Amino acid sequence: MSDAKEGDAHLHRLVLFSDAVFAIAITLLAIEIHPPEHWTSVGELFFLMGPKLAAYAISFAVIGIYWVSHRRLFERIARANGMLDALNFITLGLVALLPLGTELLWEQEAGRAFPVYVTLVALIGVSLGLLWGYAAFIGKLVKPIRPLLATYVLVRVALLPGLMCGLSFFSLVHPWGWGLMAAIVGSLALAGRRIERRAAPQDAT
Amino acid sequence: MSDAKEGDAHLHRLVLFSDAVFAIAITLLAIEIHPPEHWTSVGELFFLMGPKLAAYAISFAVIGIYWVSHRRLFERIARANGMLDALNFITLGLVALLPLGTELLWEQEAGRAFPVYVTLVALIGVSLGLLWGYAAFIGKLVKPIRPLLATYVLVRVALLPGLMCGLSFFSLVHPWGWGLMAAIVGSLALAGRRIERRAAPQDAT
Amino acid sequence: MSDAKEGDAHLHRLVLFSDAVFAIAITLLAIEIHPPEHWTSVGELFFLMGPKLAAYAISFAVIGIYWVSHRRLFERIARANGMLDALNFITLGLVALLPLGTELLWEQEAGRAFPVYVTLVALIGVSLGLLWGYAAFIGKLVKPIRPLLATYVLVRVALLPGLMCGLSFFSLVHPWGWGLMAAIVGSLALAGRRIERRAAPQDAT
Amino acid sequence: MSDAKEGDAHLHRLVLFSDAVFAIAITLLAIEIHPPEHWTSVGELFFLMGPKLAAYAISFAVIGIYWVSHRRLFERIARANGMLDALNFITLGLVALLPLGTELLWEQEAGRAFPVYVTLVALIGVSLGLLWGYAAFIGKLVKPIRPLLATYVLVRVALLPGLMCGLSFFSLVHPWGWGLMAAIVGSLALAGRRIERRAAPQDAT
């Protein structure tokens, strides 16, 4: 087997392993949710389970978004090495804490758990950013890509989800946060179109 | 790597991820079932665990049927995009709630949990219907297929299982429901044969 | 995509799904084992946890053996259909009950749980036997194989593990059971060699 | 299908199954961690959860390192047989006990659980060593490799992680242990470079 193919096997096993951890973490989100002991109507049932189901939905979306980010980053990665393994394990170790974070979220009183949860979500983004930064700029593990596009991917795919999650909670209290979010997403989308258009001839050929 | 092959990789990872979530949800169904504290004979053991084992068997069948539906739909899908990811996550998010729904089912008193459980099962069908409707009619992500066959697949593969589940519970109370179920399945099977026969020359060539 | 290749995709997804369920069930075996609340020495720790660890080891071996059986059977299967899906789900549904069976085993008093556990293990074997019987003799889903060899596979791969498990527990009480077990395994091995030797020229060419 | 390809399929399923067990075990590490019932500040939260998070981080690293070892060993293995299945199951059975070991670690008083945990970690290394020793020297299941390199792989990939884990705990009490660890890793790295350099011409051609 050639070196290239062995690298592929390594990358393949790494991606499969990551998918399994994401899938288990997302399915375990609901495992600590139990029906209330007493309920008399469907309305009461949903009233009693509301906070848990809301926390479940939020965390499901968070893991879903990071799974998409992870998939997008690894589409651009051509091979793996030990350092990529290690950085990926940090991401997975934080993702596997999300069921715990979700429990914290629904059991909280007086909003004290919000910052902890948001920090956990943001740390996943930071760890993905480190992974991509290493793969693109230091380890040279990615398929041919221009540095500007690599930087754009770093900001948009790795860091944006955590920022958006934090801003969403922030905007619940300070409504002008929604405007800030729209502005960030809009300008990043504009920048992205320009970068990809300019990148197209070079990368595609 | 060509665009086509990258699309394949995306679809491949999406399918594997979905399989993992289905597999975890189906295996977790039994995790909240514990042996009774005191039992003196095998008969008493099964009497005490009966409702739990029945709920387990029902939910196992539900997840099994939806896994088959999911597999059949994705056999006809040729590539994935972000919207398909999102719709698939909604399906998975509902599937991952089935262990909770199962617990609700066996802990219920006076049949109040039936409608909640049936609604959850039906929602999985609806979400699969949305996924297929998007893939076939809007996103154009499917392999070549005639619109009539695509509509038939929508009704039969995505929506039918939830309808059947609901009717099964309904028929426990109103026995004429079984006749209705037989009529629906029978006429759909007849319609399906006609559609597929007519479709065969065009699709196969 | 040709029919043959689509059949392969179906079989491939079925095998992956089964592997995931086996892997989850085997890993969940230990999830209900918790450390004792008080212990003063390593000896006491193992004394307190002994029954649980023994039940864990037995069930781990049972799932491992059935995973090997499953893998061996599916090596001989060339394509899947809906009936194979259904029969495979029955096997998986029983495998997913083994964590519960294991709990029953270690919590039991006076050996009342032994027959329940052995019955569960035997049922997994029976369900594998049904699966293989259908695939080899009715659905014609297997790679070319002589009927005699197919029957031998049915007895040895599908039914033997459950029989051995039952006999092992039986032999703890009636020591002459060990002799019976050795006789069965020995004569099956002898028969197998003859069948495979005779089969070799025909099947290999 | 040729024998070679069937062997590949066996090996492939074995590796996938192992990955699933590793992924489930690593994700279940956090499942028994629950938020404290009362906490008033983030500082108190982390103070209360500190031992659990520390135990989680240690076990996550342990499973991560053994997953890398497992991947590296199996990169050098060309085919599987029943004995490899059995030895691999022993490794997986020990890995699946790590969530329990982690719980033991954080619930311990007076450091009594340390030796139990370290023994479990070391046993995983020993089982990987047995697996590799069998594959390389007895079963001849590996790709062409010189005996000296095979021995080096045995020591470095299989046995080293458990030794390092034990020495890390040891060094918390006896600081000169850190020096011993550095000396072992350094001399192994030196030896490894020599062996691989000498091996290169023979193995690569």
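In this document, chain identifiers A, B, C and D correspond to the written order of the chains, with residue numbering beginning at 1 in each.
To be clear about the criterion, a residue touches a chain if its C-beta (ideal position, glycine included) is under 8 Å from a C-beta of that chain, and two chains touch if they have at least 3 such contacts.
As the structure is a prediction and not an experimental result, all values here were calculated from the model.
By the document's definition of touch, common neighbours of chain B and chain D comprise A, C. Between chain C and chain D, two chains of identical sequence, the interface residue sets overlap only in part, with shared numbers making up under half of the total. With every chain reduced to the mean of its CA atoms, the largest distance from chain D is reached by B. Its C-alpha atoms fitted onto chain C, chain B is found rotated by 90°, rounded in steps of 5. The distance from the centre of chain A to the centre of chain D, each centre being the mean of the chain's C-alpha atoms, comes to 27 Å. One inter-chain figure worth recording: chain A and chain C are separated by 38 Å, centre to centre, where each centre is the mean of the chain's CA atoms. Shared interface positions of chain C, i.e. residues touching 2 or more other chains, are given as 16, 20, 24, 28, 31. Across the whole structure, chains are in contact as follows: A-B, A-D, B-C, C-D.
Listing the residues of chain D that touch chain A in their complex gives 15-16, 19-20, 22-24, 26-31, 33-35, 39-42, 45, 56-57, 60-61, 64, 67-68, 71, 75, 143. If you check the complex, the residues on chain C that touch chain B are 1, 6, 9-10, 13, 16-17, 20-21, 24-25, 28, 31-32, 82, 85-86, 89, 92-93, 96-97, 99-100, 103-104, 107, 112-113, 115-116.
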